[in-house]
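In the two complexes that follow, subunit A is the common piece, with subunit B as its partner first and subunit C second.
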Partner chain A sequence: MSNPITSIKLVLLGEAAVGKSSIVLRFVSNDFSENKEPTIGAAFLTQRVNINDHTVKFEIWDTAGQERFASLAPMYYRNAQAALVVYDVTKPQSFIKARHWVKELHEQASKNIIIALVGNKIDILEDNENERKVAREEAEKLAEEEGLLFFETSAKTGTNISEVFLGIGEKIPLKGLEDEHNNNGLNVTEDQRINLANTANASENASACSC
Partner chain B sequence: MGVRSTSQEMSRETQERRAHSSSSSTSLVTSLMKSWRISSSTTSSSGSSSKKKFTQSHSGNPTTTGTYSDTHSHDQNPLRHSNELGMYSLSRSSSSDGNFDAMSKQQNSTNRSLSSSNNTYSPLRYNSPSTNQIDSPRASLMRQKHNKHSHHNQLYYQHNNSSAISESSAHKKSSDKYFEDLDEDWSAVIDNYNMPIPMLTNGGNGKSVSGYGNNGDSRNNLSRTSTASSMATSLTSNTLTQSQSLQYPQLPNLNTLDIPDTEKSQEEMENEREVQELNSIMQRITKFDNIIKNKHIINLQDLRQLSWNGIPKPNRPIVWKLLIGYLPANTRRQESLLKRKRQEYSEGLKHTFSDEHSRDIPTWHQIEIDIPRTNPHIPLYQFKSVHDSLQRILYLWAIRHPASGYVQGINDLVTPFFQTFLTEYLPPSRIDTVEFTDPDTYLTEEQKMDLEADTFWCLTKFLEQITDNYIHGQPGILKQVKNLSQLVKRIDLDLYKHFEKEHVEFIQFAFRWMNCLLMREFQMDTVIRMWDTYLAETSPETILSFASSNQVSNSSEGLMSPHTPLSRKPATFSTPNVDHVSPASSVGRSNLGANAANQAIASPVNVSSSDDSKRFSHTSLNEFHVFVCAAFLIKWSDVLCVMDFQGIITFLQNPPTKDWKETDIEMLLSEAYIWQSLYQDATSHWLK
Partner chain C sequence: MLSPERRTSMAERRPSFANFSGNSNHIDTLMVPHLAGIEDPLPETTPEKVDVLIAGTGLVESVLAAALAWQGSNVLHVDSNDYYGDSAATLTVDQIKNWVNRIHNSKNESEPYKNAKLYISSSNIGPDCKYASRDFGIDLSPKILFAKSDLLSILVKSRVHQYLEFQSLSTFHTYENDSFEKLTNTKQDIFTDQNLTLMTKRNLMKFLKFVLNWEKMPEIWQPYADKSITDFLFNKFKLEKPQVFELVFSIGLCSNMDTKVPLALNRIRRYLVSYDVYGPFPVLYSKYGGAGEVSQGFCRSAAVAGATYKLNEKLYSYNPTTQVATFTDGSKVTVTEKIIMSPTQAPEGNKHVPEQKYEVNRMVCLVEKDCKEWFSEDESAAVVVFPPGSLKSGNKHVVQTLIMGSGSECCPQGTSIWYLSTTESGVRAEMDLDAALEALEISIIRESSEEITNDNDIVQISDDGRPIINSVRLGQSFKEYVPRESVQHLMKLSYTQLTSTPPFDVVNPALFDNDELNNRANSVNKFIPNASDNGIIYTAMPSSEISYDEVVTAAKVLYEKIVGSDDDFFDVDFEDDDNDAMPTGASVNGVINYENAIEDDEEDIQMGEDDSNEFVGEMEI
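Right, the complex of A and B next:
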C-alpha cells in the first residue's frame, strides 16, 4: 500500500501494419521483430512503470488493424482510460485512418479518455527524409485541435516509445483522482453491465473452483 | 527402485497411454480426458511433477470396476443407448472432480452399480471400468472413428457383441473373463496393435490389478515380464497415427529404461523399432493406396473415415484434394478436371493482371504487407517466389469473393495447402525439407502455376465451408464464439464461472481461434495433421454441389456414396445447395437403414447415421471446430481456474503447445469428437 498502483486501461488503434503490436512489444519486452504476424482480434499485454513514486500498471489491448475487425474495437476502447492512435509516417492513408479513429473515440469512448497520436516508423526517415509522407506539422495541428498528446516514434529503434506511455501515465492521475482509490473500478463497472448475475456467480464460484 | 524412479515410470506410462490412446480406443480417451487434462496442464505449469500428476489422476478419478446394469440388451436404438454409456463414462471418470457436474446431472437417471474396488492408477481405468464401456455400440462407434484398422474393430466388435453384450450379466461379474477375451482379440491384431497388450495382459491378471496401482514396483515388474519384448514394438503403433515418425519424445526414454531388464541390446531394440515403424508406415500408406490407386471410382466414404485419423505424408496432397472436393472421385475425370481448373486459374490471373482490369489497390496492399509476416518462423515463407505465389493466390481469391474480400487470417489458412501440395514435387526422401527449401530450386514455372492453381482451388473450396467467418461483421465467428461459451458452460461450469468472475469474455481469446482455425496456436506440422481430420469433416453437400458444378456429379457414379460416414447437412452456415441436395440425403438415409444392418459391425459410424441422422444433420466444419476449441480450452481448465484475468488472457494468447506432437492433436480431436457426440442433441437446442 506504500506504493499505490494505478491501473490504466489502454487501447491501441490504427491502420493495419502501422506498428501497433511492435510499439507494445517494445514497451513491454524492449524487443522488436521485423515481421510480426498480423494481430487477429486483439492482444492483451501489461507493463508496470514507476512514475513519480507511483506505480502505474498499463493493461494494454492491442487491437487488429484491418478494417474487417473494426467492429470489435468498441469492445476494447469503450472503457479505456487511454488510447494510442497510431499511424505510419510513411503512409498518408494511415493518417487519414488515424483521424477517423480520433473522431470515433471522441464520439464513442469515455469522455475523459487520454488520446495520444503516435506517428510510428520514423527510423525510415533517418536514411531518407523524403520517405516522410505525413508532415509533422500536420499531425501536431490535429493533436492541438483535438487535445491529443503527440509523439513520433520508432518501435524498431525504441525512439520515444517509453515517452508515449510515461506521458499518458503522468496525465491520468491528474485527470482522474478517483482512479487511484479504486483500481478495479473500471473493470467492475464494465463487467457488471455485461453480466448482472455476476455477484451471485462469484460467491458460488469461490467454493466451486477448488479444482 | 526409489519413489522417484517409480513416479518416472508412472509418468512414462501416462505418456505411453497418451500416445497410444489416440490411436486405438476411445473408451480410453473418455476415461483419460480428465487425467490427461491434468497431466498436460501440470506439465505446462511446472513441467516437473510427474508424481503430482500421478496423484492427481489417481485421486481425481476414483476408478471402479463399474458395471453397467442398465438394459444391456442390444436394443433398437443403439445410439441412444450408447450415448448414455458415453455420458456415463465421462461423468464417472471425473465424478469427484465437479467439472462435469452438469453432465452428471443429466445422467443421474442412468442406472449404474459401481463397485469401487479398483481405486487404481489410470491404466487400469482403461482396463477395468472403461472396458465395460467398450461393449457399447457408442464406444465402438467412437473407437471406429479413432481406429486405424476397421477390420480389427470389426473383430473386436463381433467379439464383444457375442461375449459381452449378450452375456452382460456374466460379464458384469467377471471382468477377468473380459480381459482374457480381449487379450485373444488383440493378439489377432498383434502386428498392428501391440500397444494395448501389456496393459491388457496386466489387467487380465486379477492380482496385478491391485498391484498395478498400489505398488509401483510390482507393476513395473509385471510390465517387464509380460511386455519386455513387446514394449519396443508397441512403440511403433504410435507411428500408425502419423506418416512421419521418430518424433516422440518418450521413445528414447523408454528404451533406456527398459534395457536393463531386457536381454536385447540397445541396437537391437533400435533396429527392431525402426523396422516396425517403417512397417506400420508402409501399412498405412498401403491402406490409402488401396483406396485411391487403380480405382475407377474412389470410395470417398472410406477415404474420409481413414483420413480422419491422419494421412501419411506421401498420400496427403492427393487425399486432401479428394476430401475437399477438388479432385473428382471418378479417377478417369481427374486429369481433365485438373487441366481445366489449372487453365482456369492461369487465365484468371492473366485477366486480373491485364490492363483492362484495374487493380484493387487496398486489397493488394493489405495482402502485400501481410505476406512477409505470414508464418514468419518458417523459412519457406521468407522466399521471394513463395511471396509472389501467395500474393497471386490470395489476391485472385479476394477479388473473386467480394462479399468477403481478403481478411487477415486467410493468409494463414492458405499455407497448409500450399505447403502440402509442394511436397508433391519433392522426392519422398525430401518431403521433410519442404519448410526449408526454396521451391524455385525444384519447381519449373509450369509446375509452380499448377501448384498455385491447386492451392487456389482448394483454398476456395475450404473457405466456402466457412464463408460466414469472413464476410462483413464476421457473423460466423461471433456465432462460434457464442457457441463455444455455451458449450463450456455445459461441459465445465467451474471454468465458465471462473471466467465470469474474472471478467474474461470468450471473444477476447477465442476470436483468433475461430478466425485462424487454431493455426496460431499450433506448430505447422501439427496444424497439417489437424487438417487431415478437418478436411475429412468437410461437409459432403458442399462437395456435391461443387461436383455438380463441374458436371462430374452423377449419382450412379457415386461421387459421394449416399451413405457417407459424415453425411451431415451443413446447416449452421449458409450453403446455397442445401435444398438441392436434401433429396439425395433422404435417399441416403433410407439406404442407411438397410445398410446399417449389414455394416453395423464393419462401420459403426453408419449405425449412428442410420439411427441418428438428425443428430448429425446440423454439423459442419465450423461446428466441429467449436468442439475442438472447447476441448482445447477445457484441457487447461485446472490451470485457468487458479488464474486471474491477466493470467488467463496471457496464457490463452500463448498456450504451451510448442512441443505438441501429432499425438497431442489427435487426442484433442478425439476429445472434440466425443464432446460432439455427447452434445449433439443438446446443441440443436442452443447452438443456433
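Right, the complex of A and C next:
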C-alpha cells in the first residue's frame, strides 16, 4: 500500500444511547449488538478507507463517559478534523442535545472541522413511521444553516453508515495534494510527532552524529 | 482496612477476559466485550458510594486516578474548576483572568497561590482583535519530559501517550556574560568547540564518562558527598566556570550553587541518558499545552477504566466517622476508602493542609516575537537558564526559562510564550524575574534585528565545511547594542505558588498521613473539632521542578497507601497486547478491543522503559 495516507481524528458526540458506539462498531467491524453496553470507556479505534487513490486512516475517538456531567476534556475534540454529532430520530431530546454539540464544536474545536449530523435508528421507522420524532426537514435545515454533512442512518441494518465516513473522507484535504495550502496545519503535525512507543530511531540518529 | 485486599484488575473483571484469545476469528458466541467492565447502566447522578474520591485534576491526582481505576477501584474524580488540570492546567487568556480573580477572592485558608498580577493587552487579545483568548494555552506549571523517565514509561505503558503529541526540545541555553551560550552536550560539540582548551576538553570528557556510572566510583565523589556540586567540579575535575555552569544549571537544571553532589550527579546524568533515546535531544513536551494535556490524558484513561468525572464540584466537608463527603451543591457520596485532595481544592474551614513553606515564583509572558532564533531547526521550544550571578539583579538562585513557540500550538504564529521561574522568594524573586525578562527581551530584539543578520559571526563553518548554528553569535557586540524596538507584551502574569516540597526533593510520604483511620502517630493526623477536612489526605502542590520527575513518585506513594502495595501500579493488561496486527475492519464476531484498541498498525509497539539501546553512544570515549 504505497498511496499516501491521511490520518483523520474523528470524534463522536451525542446524547447517551443514540448509537454512537454502534455506528463505530458497524463501520469498523460491520457488526451490531442489540444490547450494547453504555460506553464508559473507549479510547480509540482505527479504520482505513480507500477513497479514490488515497488511503484515509480514521482515528475514531468514542466518548469515555466524561461528557455525562458536562465534563468532557477539551483534548477530546480539540484537534479533531471531523466529528459525528449523533441523535436518535425517535428521541427529540437527543436532537436538542445535538444542536448543543454543534454549537460547542463551532466554539471550541478547530475552525476547519468537518461535522456530520447523523440521525440514527431509522430502521425503527420502517415498521412504524409514527415513531419518527425528528423531522428530516428540521435536521436538514440545521445542517444547512451550520454547514454540516447530514445523514440518516441505522447502525442496526448498516444503512448509510459507510456513506457517513466516506462523505467525511471526501471533504478532508488530502495529504500530498494540498500540502501547499494546508488548512491550519492539519496534517503537517504528523511529521514532527514523536512516537513514544518507538525508540528504534535512536540508534540511527546516534550513529549519524557520532564521530 | 489498613491494606485492603487486592481487587481484581480491570482486565480480569472484564467478561471477555476468560474467553478472549488474541487474534482468533473463531469465537462463536456473539459477544461484545463489556466496555471497560461496567456491568450496570450508567447512573444519572453521581455514584452514592465509591472507593476513592479524588479532588483536583492536577498531574499527581490524574495519574493516581488512572492507576486506581485500572487497578479496579471505583473512583470519583472531581474538580472545583470548570476545566481539567487544576494546578497543572493549561488555560486560555480568559481563563487566566478568572484564575487570577479566583485567587484574589479565595476563601481557602491554605490557598497555595498568592501575589497574582496580570496585565493583558486588551487591544491585542479579545473579540475582534488580532488574537483570540483561546489562541493561547498557558501552563500554570510548565514542564518538560525527559526521554528516559518514569513518567514517560507510564505514558507508554498506560497508552496515554496515544492521546498526546510530543515534540522534541534540544536547545538549552546558558546565559553568561550577557549572552546566550548554547549547550555543548555531545562529544562532537565538545571537540568542535573552539572556545575550549584541550585541557578543558579532556577534563570534560573525563567527567562525562564518570557521571554515567558515578555510583560505582565512590572513591571519586564520596569525599565530596556533603559538598556542593560546583565545588566538586571545580576542584575534583578542574573544570572551568562556563562548563561547570552548563553542567550544573543547564544540563542538571539545579536551582542554586549549593546543590549537593549525589543529587546533582543524578540530575546531570538524567539529561545525558535521555539524549538520543528518541533522537538527538534529551527532552520532549506535549503539544497544545504541557502538564495540562498530560493530566487530561490520564483523566481520560481513568474514565476509560470506569472512573466518574465531574467538574465544577467542590467539597464542602467530610465526616470520617460516617464516611460521607458533602459537596457545596448539596450532593453527597460515601467514600469507603480514602479521600485524596489537592490543597487547591481544600474546603473552607480546612485545618489539615500541610504547611506550604516553599515558594516558586513564576512569570509568564506572551510576546509578539516568534523567537525562532532560539530554537533548533524544526523545533519550537527552548530552555534558557540564568545561572546565579548572571543577572543585573545579582541573582543567587537560578532563573529557569522555558520558551514555547507557535509550532507547539500553544500560541499563534508570530508569538511565543516565555515561562520564567525561580526558587528565590519575596521581593528578590520579583527583581530576578524582571531582570531575566529584560535580558530575554534585549537578546531577542538583538538576535532578530535585521541589521546584523549579515554579521560573520552568525554562522561558523566547521572543519568539514558544515555550518554550525551558534547562538553565541552575537555575544561580542552585545554590550554595545542598544535596542531600538521593544518587545510587545500581549500578556504578562506573575504569581507565587507555594508548595510543601523543597526544591529538588521528592515528595515526603509523611505528608500523606493526615489519615485518621490509619491513625499514624503524627500530630497532623489528630481529629480537629470543626475542621471540614478531618481524614482527608492532601497531595503536595507541584514543586519547582521543571521536569515531570516527581509526579510518578508521588502518585505511587498515594497508590500504595490506598491499595496496600504499588506492585500493580499501572499493571495494565491490554487485551490486544500481542495483537496489533489485528486487521481493522475484520469482524472478530463482535469482539473488538473496544475500550483500549489503540492499535497503530504502522508502528512496532515497544515499551520505552526497558529498551536496550545503548545510551549516549557518542559519549563513550
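The rule is short, and it goes like this: the second predicted complex is superposed on the first by the 161 of 211 C-alpha atoms of A that agree within 3 Å, B and C clash if a C-alpha of one lies under 4 Å from a C-alpha of the other, contacts with A are read in each partner's own complex, and residues count from 1 in each chain.
Everything below uses one rule, namely that a contact is a pair of C-beta atoms (placed from the backbone, for glycine too) under 8 Å apart; a residue touches a chain by one contact, two chains touch by 3 or more.
It should be emphasised that the depicted structure is a prediction, and the values quoted were computed from it without experimental measurement.
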Original post:
So which one touches more of the residues on subunit A, subunit B or subunit C?
Top reply: C
Original post:
What is the contact status of A:N30 with respect to subunit B (first) and subunit C (second): first, second, both, or neither?
Top reply: second
Original post:
Regarding the shared-chain residue A:R78, is it in contact with subunit B (first), subunit C (second), both, or neither?
Top reply: second
**OP:** Answer with first, second, both or neither: which of subunit B and subunit C does A:T46 touch in the superposed model?
**Re:** both
Original post:
Is A:Q66 touching the first partner subunit B, the second partner subunit C, both, or neither of them?
Top reply: both
Original post:
For subunit A, which residues belong to both interfaces, subunit B and subunit C?
Top reply: 16, 33, 36-38, 40-46, 64, 66, 68-69, 71, 75, 194-195, 198, 201-202, 205-206, 208-211
Subject >> Of all residues in subunit C, those that touch subunit A in their complex >> reply: 30, 32, 34-36, 38, 41-42, 46, 83-84, 134, 152, 155-156, 159, 161-168, 186-188, 191, 276-280, 284, 287-288, 293, 296-297, 299-301, 303-306, 308-313, 378, 407, 409, 584-590, 592, 594-601, 603-608, 611, 613-614, 616-618
Original post:
Where on subunit A is subunit B touching in the complex?
Top reply: 16-17, 33, 35-38, 40-46, 59, 64, 66, 68-69, 71-72, 75, 187, 190-191, 194-195, 198, 201-202, 204-206, 208-211
Original post:
Touching subunit C in the complex: which residues of subunit A?
Top reply: 16, 21, 25, 28-31, 33, 36-48, 62, 64-66, 68-71, 73-76, 78-79, 108, 189, 192-203, 205-211
Subject >> Of subunit B, residues touching subunit A in the complex >> reply: 97-99, 366, 369-370, 372-376, 405, 407-409, 411, 470, 472-474, 493-494, 497-498, 500-501, 503, 505, 507-508, 511-512, 515-516, 520, 637-638, 641-642, 645-646, 649-650, 653
